[in-house]
Amino acid sequence: MGHMENIKRVEIIIPQPELEAVLVLLEKAQVEGYTVIEKARGKGQRGVQDARGLTDAFSNALIIWYCRPADFEALEENLRRVLNEAGGVCGVSEAQWIAH
Amino acid sequence: MGHMENIKRVEIIIPQPELEAVLVLLEKAQVEGYTVIEKARGKGQRGVQDARGLTDAFSNALIIWYCRPADFEALEENLRRVLNEAGGVCGVSEAQWIAH
Amino acid sequence: MGHMENIKRVEIIIPQPELEAVLVLLEKAQVEGYTVIEKARGKGQRGVQDARGLTDAFSNALIIWYCRPADFEALEENLRRVLNEAGGVCGVSEAQWIAH
Amino acid sequence: MNTDLILTNLLSPPVLFFVGGLLAVAVRSDLEIPPEIARFLSLFLLFSLGIKGGRELAHSEGGLEMWLPLMVAVVLSLVVPLYTFWFLRKRLDTYNAGAIAATYGSVSAVTFVTAVSFLEGAGVPFGGHMVAALAIMESPAIVIGVLLINSQRKRESSSSLRKVVREAFTNGSVFVILLSLVVGLIISEAQYEDVRPFSDGLFKGMLSLFMLDMGLLAGSRLGGLRSRGLLFTLFSLVVPLINAAVTILVCPWLGISLGNAFLLTILAASASYIAVPAAMRMAVPQANPGIFVPMSLGITFPLNIIVGIPLYYSLLELLY
Amino acid sequence: MNTDLILTNLLSPPVLFFVGGLLAVAVRSDLEIPPEIARFLSLFLLFSLGIKGGRELAHSEGGLEMWLPLMVAVVLSLVVPLYTFWFLRKRLDTYNAGAIAATYGSVSAVTFVTAVSFLEGAGVPFGGHMVAALAIMESPAIVIGVLLINSQRKRESSSSLRKVVREAFTNGSVFVILLSLVVGLIISEAQYEDVRPFSDGLFKGMLSLFMLDMGLLAGSRLGGLRSRGLLFTLFSLVVPLINAAVTILVCPWLGISLGNAFLLTILAASASYIAVPAAMRMAVPQANPGIFVPMSLGITFPLNIIVGIPLYYSLLELLY
Amino acid sequence: MNTDLILTNLLSPPVLFFVGGLLAVAVRSDLEIPPEIARFLSLFLLFSLGIKGGRELAHSEGGLEMWLPLMVAVVLSLVVPLYTFWFLRKRLDTYNAGAIAATYGSVSAVTFVTAVSFLEGAGVPFGGHMVAALAIMESPAIVIGVLLINSQRKRESSSSLRKVVREAFTNGSVFVILLSLVVGLIISEAQYEDVRPFSDGLFKGMLSLFMLDMGLLAGSRLGGLRSRGLLFTLFSLVVPLINAAVTILVCPWLGISLGNAFLLTILAASASYIAVPAAMRMAVPQANPGIFVPMSLGITFPLNIIVGIPLYYSLLELLY
């Protein structure tokens, strides 16, 4: 295997209307990159979201963020606050990525 | 790092027409939450799915489910049966999540 | 737990216009399967991609590929080259999957 | 009450397609209309409605005739959330009481559009400023709902209020209606004739397809209410009728014309299922959309579309 | 055969755009139409077709004239899957034989719509009940296909049958056609005139855009067949012609009018590429859509659209 | 300059909706139009433009009258990228210089469509071959841009050139314009009349909705330029005016008609924000779309739509 770097894969699932606020958090922390998948359906403590209708009120967004452990720790408290207020989940797993 | 809880990240990829049946499985098991991304393309043993056309016949759906190991084990047999009959894959990885 | 097999979960995020080229790489390597999510937003070294407009120029695609370690290693160099030229990231994590 | 009117309304394509959508859910058809298409249809309807209203306005004279209905609209959007919150507060937690109050104080553009289409079929004139009334009534109730909730919360959440006020005044659908209204107002007759085959010609057809989707949505969201108490169902049936009755009595007394009075009644009776859930998920995530959305979309909307339109019109006709 | 007819058909915008779509795939253009838009166009076409058919029906008299074509439709949708399955069973595994039988027993709404547009251009009348024939023929062949497969499977999979029967009768596109047919039947003339600029006025244009997408899809799905044997290609060319020939001979003998006979022929000759793959992926995932979809969409569909329409019509004209 | 003309243009629905879209971004409205819908609107406009052009072409005579503007178009698409690259190369890295040169050498179909709609309002005739000129000018500048970049790169990247040449000639939007042009050219008058309520009737309305989306997009992408130097802003304002001025002077001299000269001027002045970013992200990912897209979409496009159209037309009128 070529050069692979250890990294965290952070996955944040939040209500779609909250997306821009979370991206602002990431921007402020000057993260290097992230990927966003919009209009996901889901179910959680706040009921079923069917991603239908004329607004984003019933959709979720999913953010994938590869980062160094320290970057995540720096944002953790802010994320926890958003998740508590607006709902959603944030999972973190160990990964490696192709350094480039 | 704040309080992080160990958890399983289950990812189920199945034919889109099979989605509602799998969600019913999850509902019956009274899972706390899941997220669904629809209309994914893909390739597998049953050929290429291009997510085009007038029905969902050629699309896949992706379910992300964070759960405790026991929750997954309880559903494993049912999932295996669906995957065998209808196709698709189910991957499980170790994760932590922000307890909230 | 029933029979679970150890496997790699490879996640490739690339500019949407580059997608077909990467799928051709996978096809040539005769991979068993993959899943594609299109029209993702994102941010990276090459700026913000908002997934809007009349072409795919500002969208990313995400490929999920469960494979054996050797399969990934065989493709690693090619992937690295694409990522260097066209941008994007490729993360790999340990997973198990329901053998079927 | 004129049974002819009920039939004409019931047998109009938009209402038939709405019922068809409900039916599709009932027989568990896999029929679905992509959300992107529903948004396009809705964008078209707001565009068409705005242009039409603007054009009317260009030909109208202004004066009291014009301002009076707008003032009634403002009063309604302030009073309805207050009295409903006062009623609900004793029977429900603050969050849901506030969200329901906002829902019934705000309005439904689709109900309004269907009412306009009914008036046009009946050949009854109405003022272009009524489209402005629709735009005006969409947001104030939402702000009031959040204010009422905040007044009862321990930890004042000023951020949620800021979010909701910003949203109230920059809301996409309000923006499109007002923009189209202005465009309709200032373009020349020739320009208008160029746009008409689109904005006017397609109106009934696009509305029919949109109502099919509304039926699908209403049917699928109704489920949520089944397990809840009777209170919600009764509320969704009775409050619109109260609001309508009061408006029906007040309008002739204020000298508002038949067409305008009818549209005001529809605004008073209708409840929001688009703007309110969007605002609440951001500002008051504690409120349960599984309650207030089925109420407005699953009960009040069909009530107004199927029974309300001919009923309110018949009652007003008695007074004019 | 009337060469004028071939040209008129070939030079009609829908056919030209279909060929354009095939061409785009051939030159590897990156042209693509979002699936949501294709679904909108298809929804529009079914809506428009249903309303039009319902309107015709409202003016028609019923009686044998009406029931006879419907009975022929039912017979066709039972006989075609049976004889094709019997033929294929000896040459292919059960799963694919059953799926192909269902494909050719069911019908293609787009082929039908193009044929209607051809008849209108030629000024030939046809009955509104033919739209009902289209709806009727969509599902039975699918149920029969699954029954035939199950009859040969060891482990009776009754769940797959249940799925397919449920789907057959609640299928979104059948639902929209029938709903629109009923709406067209019961609305007043004035209501119809309101919807017409949409349902009628846009028909040819929307059909043209839709056919562009069909060309793109047919072109891109054709690839799958290349590596397979000649059997599939021959089958896709010959079976439609057999079905058409039989229908062409039977219809005049039964006293069915020219327009209706032509539409029945098209239904007999056409093959499904929408309902069948959807049903099969759920009920018989062992069948390979890489075989039956290119057959119906990549070969039979263009055959009918380009050659079949003028050919069947010319043959029928000889007999009337 | 005719102030009436400025007003007529400014108060046309497409321009008003474009300004509305900019405004929506300025007040941070959450208004958004799904990208699938924007693609549908754009597909419609290209379809409508192509059919219209083809129809004109069917009635026209050919000869020098027809070939001259096409030759001017070819010359412009070669000269503009060369002179702008030469200018930029001294002030910027090769990648961005090449991308900007390609941007300004290529054209904007939406600007062209708006200009056509302006001409129709003014009742000025123009040739159907001008639609071919639009298609012709889309790609050559892109190929030249990449060639210029490659000529300066160490490691010749021949794969990027191959990609871009392939894309240039199979580009979806060029394909749709040319296909529709051919269809419009060869269909019969009766066939054309069938398509017209769609292609012609909806033109202004669909263009208005599309321009609303263009306003939203232009507004949101403008942000990127703010932090950059003044060079880019000046370039985006001055180069279109230079290109327009030269074309305005040359056309009357070549005996090109007023309508055609106006459309050529618009093509010269317009810059690409669709084809170029798509090609560059594949072939020259080192170029920064955060620079060249805001330039063409955020500055040059509004300049042409709001000021350019009446300005260029007034200047040409002086010379004719």
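In order of appearance the chains are A, B, C, D, E and F, and numbering begins at 1 in each one.
Here, contacts are C-beta pairs under 8 Å (C-beta built on N, C-alpha and C of every residue); 3 or more make two chains touch, one makes a residue touch a chain.
Computed from a prediction, not measured in an experiment: that's the story for all the values here.
Colleague: Which chains sit in contact with both members of the pair chain B and chain D?
Modeller: Both chain B and chain D are touched by A, E, going by the contact rule given at the top.
Colleague: State which chains count as neighbours of chain C and simultaneously of chain F.
Modeller: none
Colleague: Between B-E and A-C, which chain pair shares more contacting C-beta pairs?
Modeller: Looking at contacts between chains, A-C has the larger number.
Colleague: Provide the C-alpha centroid distance between chain B and chain C, rounded to the nearest whole angstrom.
Modeller: 18
Colleague: Between chain D and chain F, what is the separation of their C-alpha centroids in Å?
Modeller: That pair's centroid distance is 40 Å.
Colleague: In whole angstrom, what separates the CA-based centres of chain A and chain D?
Modeller: Computed value for the inter-centroid distance: 35 Å.
Colleague: For chain D, which residues are shared contacts with two or more other chains?
Modeller: In chain D, 34-37, 39-40, 197, 201-202 touch at least two other chains.
Colleague: Residue numbers in chain B touching 2 or more other chains?
Modeller: 37, 51, 93-94
Colleague: Chain pairs that touch, all of them, please.
Modeller: After working through each pair, the chains in contact turn out to be A-B, A-C, A-D, B-C, B-E, C-F, D-E, D-F, E-F.
Colleague: Give every residue of chain B touching chain E within the complex, in rising order.
Modeller: Its residues touching chain E are 15, 17-18, 39, 46-48, 50-58, 85-87.
Colleague: Using the touch definition up top, name the residues of chain C that touch chain B in the complex.
Modeller: Interface residues on chain C, with respect to chain B: 1-2, 4, 7, 9, 31-38, 64, 66, 93-98, 100.
Colleague: Mind listing the chain A positions that touch chain B in their complex?
Modeller: Against chain B, the touching part of chain A is residues 11, 13, 37, 40-45, 51, 60, 62, 73, 76-77, 79-80, 83-84, 89-94.
Colleague: Can you check the complex and tell me which residues of chain D touch chain A?
Modeller: 35, 38-39, 42, 173, 217, 220, 224, 273-275, 277-278, 280-282, 285, 288-290
Colleague: Mind pulling up the chain F residues that touch chain D in the complex?
Modeller: Touching chain D: residues 8, 11-13, 16-17, 20, 23-24, 27-34, 36-37, 40, 121, 197, 201-206, 208-209, 212 of chain F.
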